[in-house]
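Each chain gets a letter, A, B, C, D, E, F, G and H, in the order it is written, and its residues are counted from 1.
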């Protein structure tokens, strides 16, 4: 099991992570970590390991690209002194190129995306026990879709960079691809990005598997 | 040109038509007809034919299926005594089968869809100068997508029924398919159904062509 | 596994069940069933059995006692034609005797409670494939607490009545008692009644075990 | 056609331009540019030239006079590095002299108006490929009306200054005068200044003609 | 002086009269009669004749035409048992023909306007000590303006009908015409119909003169 | 007549003056000066002298004592460069001693009140054409009432100081005393301080008389 | 002590009683009875007699006169089956004659007031163990004030009627007169009617004395 | 009696003290001190000692621990120059360890708690006539409850420190323990911490006894 009693565990990223989390960080009961996948992970850990205490913090900010996240890295990541850090970022780097194709200033090209990830690693790796990346995904089963294609290529960058810097990486796309064999993406979320409660459970499941959870829920 | 001076022109359907239109019908200046494609048609007609007066009314209701629309047909269509009637319905008949696949009570199967259309025609055809159907569309370029496929089949029903009852039908899907060759559907609307202002302009353009507008905008 | 493909599954009760569910019943995507234990059950079923469709409905109403629930039984239970029915009621029958001890009109004594349950069964048992009761609980580990004591006695009535009428009963109190060995009830909810997301997960886990779920989550 | 692929196109001015545009600039999908004439221009360009990308930005601020606009020129115009710049300002310079005739501090006399325009040109002309002025207008067909008269004289200043500095100028008053031959100004907007959707279409039509759009809408 | 101690004085009409008056009628202190000309008349009477009590009631309803007012005549006029009745109606009968020229259902042609007035008189004249009409006006000094022209003709109908039925009539248009020689209508109200506080004072002044007020304010 | 064409006329004080005036000063049409006595003065001047322009400004701030007003004197009085200045202050200096008798920090004793007035005069007298004080009043006819007594003594200070510095002073108490011979103070305002519309008219009447208005209203 | 364990105790009247009480009656914890004197009485009884249960209900309605209260007597008094009934009514019967002296329809003359009280007694006396009246009061120490005078005369009616029908009556005016020897009425409430928390304590103290409370608070 | 005429009496702490008090301190009538126990103390003192004036101030801030209170000690305590100071703090120091057991950063261990109290005393003792501590309490009658146990130990620290520094201490826990022999804590407040109006009365009673109030309420 990756987590140890009294670990400080930070999740950061964009709206997929944020999900209405409290500001400032740490405020509130279980709503402090928002109502997305971080809350679900928190719920599972509380229920499965009630005798241990994992201090989960969520500093996702809706709409963030890697460019935005990097700008608040010191405040919203390093200052929180995480033992374990999960980073899930890149959706908006890609999405803005498709939903606002003319607003060039909001687009983060793949080269800059790679550099931003590398800078995050450089500033952090030695200061935490474990840094983990989650790939961005697109809840679109058609791999020929232009945005799906680009999301796949950005996800590939995450995997390459993680390999290069010897960091673990949780690939979220396959979990969605499996689910979309049975249900249409419209049942998860109309925009095919925000996971909703079902998609958040799919993510949480992947994270708990990654953590090596050794107790069954039922 | 289909419309004549002082014609009463009713548009009815679901949220694609509704688009925030006033209640009761006819309230307000230009906002009475909502801010969707009906408003755009209204704007164009005012600007191009300022010397004529076309009384456009919008009775779309968000979330409606053919089943819902039929239940209010007398009040929201016949009582308004239209000269020309545009009906754009079917999105939700299909959509609910994909976004809430377990909520069976909201699904309208294709046979019932066809019957509902035929009942609308039966109650109306002789009372208006022209009744026109618009096909539902899905802003999804992938024709293998399950919901696109079903939407195409429902659209086919509209075209068949119109043919059978000798009514004109405006097929909206091709206009979107053309546009989506250049832009991703995310730039129109994340849910691929509500047209947004650009999609509404695509619809309005089709309607004005159908009406036989004989003056250029620029 | 208790549920079968295309089953209609109704959950009814008070605020523990309600949890912000949509009105009228069935509205909305995943938020139609509220954000309490019914949503969590729904999420798990969707994720574990995506190839099947279970139509979950939630007609809990905050503040209800058995007296209130009985008054809307036809509309909110029988009319929905459930295959499976879960009833979780009794918290307020007890609670009002402690939080508003002088407001006698709101108190439901244990004899009336028993009769109300029996009337629910009488009107329903033959019309559904399976009717299931959940006991009310109190997130108070001290069994000498006066309200815990009374809640236990009401819970005992549920169990007795179920036995008498040969219905299954899910006893929720033990799940909370286990958890409260490790954590203080203040971490679930300050009022020790509303379960919050963690308590809802404890309930959902009991329900899934009861249903005989045969696939692991992780 | 004036615009080239990937051009940055800034529109600035007062409430006629603003029309509820997003703050900060560039936020949002199509609502980022407000719901006035800039949105309509944007819609037309997207529909007519989907294979090209024009980055339209709107920095109008309701209530602004030339005095106010000049004070934010660096931030809201130059910093955005426009290739093409449209300036539509002067309504409030005139209007305040008529609707609040005693609030002298808000009046911008015609000499100062001219100087303000010239200062805008001086700070900008060499930094953009094309700077364009739109004249203010008054949706009042009676040329003897005192405010119409003054608006005409301010509009004349725009035209003179543009001629002097060799800039193109789009005269908006004639488009409204034409329309008001058929319809009363009350049908556009009760205040005879804010164009509403129909007036915005009249403006958008003039701008598209000015740009040399070479494709018909229908 | 027209009013006598303890007279019941009813003002009815549209938004010019309504001006935010309380519902139901008679609620509130001085805000019961709205904040328009009725309030100003009330203020003047209180200050000038504090030893007498005039019971002023306001039943104006925004947006009303004569057609709407007639429909509520029993409830909102006769039931209040006025000694004196002031009726100010007709703005919307005319206005809708200009601001929503295509919404035919809202237009009240001049023949119907005349009939409506006559029906009001017929149902009322014998039941009140004095019934008084106020002409509708348009705060537009240009007598060639199409809406001003029509408003003048409707005002002429009021005067004719009053003459025919031997009722006094307060012509409000001249008071505005005088004022507009000095100030632009934009300083009263942008829509040239709602009088605002200054226009309300102009109306109140005419009414007080009509009543034969015999004490100076200063 | 005290005022001359194009005069800048500032009114300052507390909530009696403020009455919902716009912030920043000068914003809005007739609502810029609030809805109290300043608006009524403004209305009368507009109606009586439409050919002249008096620039009325209102910088009253609800709750202010002389201590508070002095602290913002530069910003809210001198910076506005008044030709004529009306100051109406002192209500709260007295009132707080009666409604919150234990909150000593809010009480302004009569000696400090006198000094504050003298400091206002010293900073201003030479910079304006005319500075005028209005006495505070209490809408309480019983001169033995403790708060009425103290208000009278504070009013006496205003009159003494004005005499000493050769400034005009408008005594408002008599106007209210006259009115209260006929009506109860409850009909003006329950708190016997805020004048409401009728009391504001009483004040406005005194001010217009003071100004030497030479035209009758009716 | 007047109250017995498990007594149903109803308080009814106007806003002095209402004080924001819950609707429908009996809802809520301690806020069900509002935040006025009824809540204070409830607090004292709970603290002093925690071993007994008194069911206090509040059906005051803001703005009520005896005329209004009589109209809802069956629903809001008799249906609640009180053992003990407290009625505090008459403020508005008097107040409307002073704050809205011209709105005759809202005035309840003293003869009607007496009759209304007698009718309340007639419908109730035999159905409750004890009916008690509280006199209306006016927080105005000047007995020559016109409204105080009239309130005194209405209070005298209450006392006379109670004597005649052999009912106890709690005279509230003396408690306020005592307090106002030391503090100005402005410190209780600006309108001299609503008691505020301090005045509510004065009332509650009188009621507890009347009830014969036999335990000291401190 | 501890308090003397014109004493400045400051209450500070967390939400138990705050209870919706005004900001900035001293604003408002009786609502300036919130609606909790400070208001009740204020009410009693006003009613019992109307001839004296005690200036009560409330600077409680919801959610504060000793750590937070210490950080604003200069501003919110010393600057107010209290004669008498009441400090009621520690609830949140304990509570966060139970309701958010994993959010370590919010926990204040007992050693730090002691030090914080000592620092408060050191900065204050010589500057006030009397500094008084109130112990935190928990409305939980079960002394074996983990949070009750810890609260008792923190309360013991308050008592020890007060003894050491020769300060009086009001122990609030016994008053609640007495009450909870008769009523369940749910009738005070569901969270067992915020006292609600009944619990506030229990606290106020202790404080008035402590002050040596020498007049009975009834």
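One rule holds for everything that comes next: contacts are C-beta pairs under 8 Å (C-beta built on N, C-alpha and C of every residue); 3 or more make two chains touch, one makes a residue touch a chain.
Just so it is clear, the structure is predicted and the values come from calculations on it, not from any experiment.
Touching chain D and chain G at once are the following chains: E, F. Comparing chain pairs D-E and G-H by the number of C-beta pairs in contact, the larger count belongs to G-H.
Legend: contact pairs of A-B compared by residue number with A-C, C-H or G-H; the interface matching in over half of them is C-H.
Centre-to-centre spacing of chain C and chain G amounts to 44 Å, using the average Cα coordinate of each chain. Put simply, the C-alpha centre of chain B and that of chain D have 34 angstrom between them. Counting partner chains per residue, chain E has residues 29, 99-101, 183, 187 touching two or more of them. This structure has the following touching chain pairs: A-B, A-C, A-D, A-H, B-C, B-D, B-E, C-G, C-H, D-E, D-F, E-F, E-G, F-G, F-H, G-H. Chain contact summary for the complex, chain G toward chain E: residues 99-106. Those residues of chain F that touch chain D in the complex are listed here as 6, 8, 26, 29, 32, 53-56. Within the complex, the chain C residues that touch chain A are 29-30, 35, 39, 43-44, 46-47, 50-51, 179, 181-183, 187, 196-198, 201-202, 205, 208-209, 213, 216-218.
Contact residues of chain B toward chain A in the complex are 95, 98-101, 142, 144-147, 183-184, 186-187, 190-193.
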